[in-house]
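Note that the chains take the letters A, B, C and D in the order they are written out, and that residue 1 is the start of every chain.
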Amino acid sequence: MQFACRQKVLFRHCDPAGIVFYPRYFEMLNDCVETFFDECIGWPFETVHKEAAVPTASISVDFTTPSHHGDLLEFNLMVVRLGTASMALEFRATCGEELRLKGGSTLVYVGPGGRPQPWPRTVRDAMADKKWGTQ
Amino acid sequence: MQFACRQKVLFRHCDPAGIVFYPRYFEMLNDCVETFFDECIGWPFETVHKEAAVPTASISVDFTTPSHHGDLLEFNLMVVRLGTASMALEFRATCGEELRLKGGSTLVYVGPGGRPQPWPRTVRDAMADKKWGTQ
Amino acid sequence: MQFACRQKVLFRHCDPAGIVFYPRYFEMLNDCVETFFDECIGWPFETVHKEAAVPTASISVDFTTPSHHGDLLEFNLMVVRLGTASMALEFRATCGEELRLKGGSTLVYVGPGGRPQPWPRTVRDAMADKKWGTQ
Amino acid sequence: MQFACRQKVLFRHCDPAGIVFYPRYFEMLNDCVETFFDECIGWPFETVHKEAAVPTASISVDFTTPSHHGDLLEFNLMVVRLGTASMALEFRATCGEELRLKGGSTLVYVGPGGRPQPWPRTVRDAMADKKWGTQ
């Protein structure tokens, strides 16, 4: 099962070529991950970031087809591996049947000093039923 | 030989954790590519985009160490392959001796309708002496 | 009557001080105006911008209280004057009962060459019943 | 005397209409203020923000003429009033002889809890010779 969130392509996302400027896709992806933590894990980023952080350690994306102003995008997110302090995600965005991007990223859970630390139980429990991923 | 451009980490790049928010790195990378086209190829983006575009088809980055507000980053860029209508880049950013990120991307040269088209001679000539890459 | 749209303060909006970085408020305001044109005037920005544009000619904002990550903001928008080619807006954002910002802006409707031109009938009609403003 | 900083209009600043998206001007202005604190006051933002902050309390801008991709902008900044805990700025941006924007803003110096506090001596001293403003 995958987490889905929708995002209309807005004026602020688009470049002089009239398509989404690719750094804006990463903002959309971050919003999607933030919403996933809030709605699926029950651990919103504003709580996580009081004492810790979940920086992105790596990310890789193929932009298969450009998106235009007004397009209705659906982002799908799946946790493919939960490590001790890391989380591997796979994602894609589509507009109707058309693939716009696909890729993967790895997040790391770090403490105040930026050192990786084990995910808290709330994350492990949320992943235990394999509802949002393959593990 | 590699193209280098410098960027101080500014307030607007940083997140509540006090480090660079990773989508801002992609803005920095885009600025770096834009400066490379201007200064090394002699074909500034404002000219390119009058009738064409160079969208990013794929990108992959490892963020090895976080960057903090005030850090002086040096971005290095190298063209590793020039295809008919594509350009493969490798890049990294360092702060002093410390690696902050490394990765690669592929750009595509497209015409008004978004269709790939052969790079103009100005690009081929600029790459011919292998000054900025391996090809 | 005022147009309202909601925006949760997300990670990407916030600065190292943990509050909304003020240029992000202008992105939120632009999203709000874009949604207003879509939902209230029935003339979405992706249609407007095929042949014209509605640049902001001036804007003035008081940021009365900072907003933090996770805050649920409500933006309220009102058209206070519809000129031949201009539109004066007033807006404010609140979190619960607390005012976060208030201000005003003027938009101008311009044609392909950037020259002001009269609003089309769809805008005049939408404003005629004074539903979304005072005129 | 005014502080000046230059900024080329880059691809990332521009919208589908091919001109600077106005929230990007506020990012440029913030960069300019940050550089002013660093170079003229000798108190870089990365030091300021270790224990305090200088949020923008209000801002007002007239965008007199649009800026296009590739334009070379010069921002001019002047401190028009230094209060106990506030600083009033006036600024404008030009491209050659042409005015692109002008406006003013008020910054406030706040401590860890977000409460206004008196500017430190380094700021008062830097302003004392009236070099960067009228007070």
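What we mean here is this: contacts are C-beta pairs under 8 Å (C-beta built on N, C-alpha and C of every residue); 3 or more make two chains touch, one makes a residue touch a chain.
Keep in mind the model is a prediction, meaning the values are calculated, not measured.
**Q** In terms of CA centroid distance, which chain is the most far removed from subunit D?
**A** The most remote chain is A.
**Q** Between A-C and C-D, which chain pair is linked by the larger number of C-beta contacts?
**A** C-D
**Q** Rounded to a whole Å, what is the gap between the Cα centroids of subunit C and subunit D?
**A** Those two chain centres are 23 Å apart.
**Q** Mind checking the centre-to-centre distance between subunit A and subunit C? Centres are C-alpha means, answer in whole Å.
**A** From the centre of subunit A to the centre of subunit C is 28 Å.
**Q** Among the residues of subunit C, which are close enough to touch at least two other chains?
**A** Correct list: 11-12, 16, 21, 23, 27, 30, 49, 69.
**Q** Please output the residues of subunit A touching subunit C within their complex, sorted ascending.
**A** 9-12, 27, 30-31, 34, 44-47, 49, 68-70
**Q** What does subunit C use to touch subunit D in their complex?
**A** Residue list for subunit C touching subunit D: 16-17, 19, 21-24, 26-27, 30, 49, 53, 55-63, 66, 114.
**Q** Using the touch definition up top, name the residues of subunit B that touch subunit C in the complex.
**A** 11-12, 14-16, 18, 21, 23, 69
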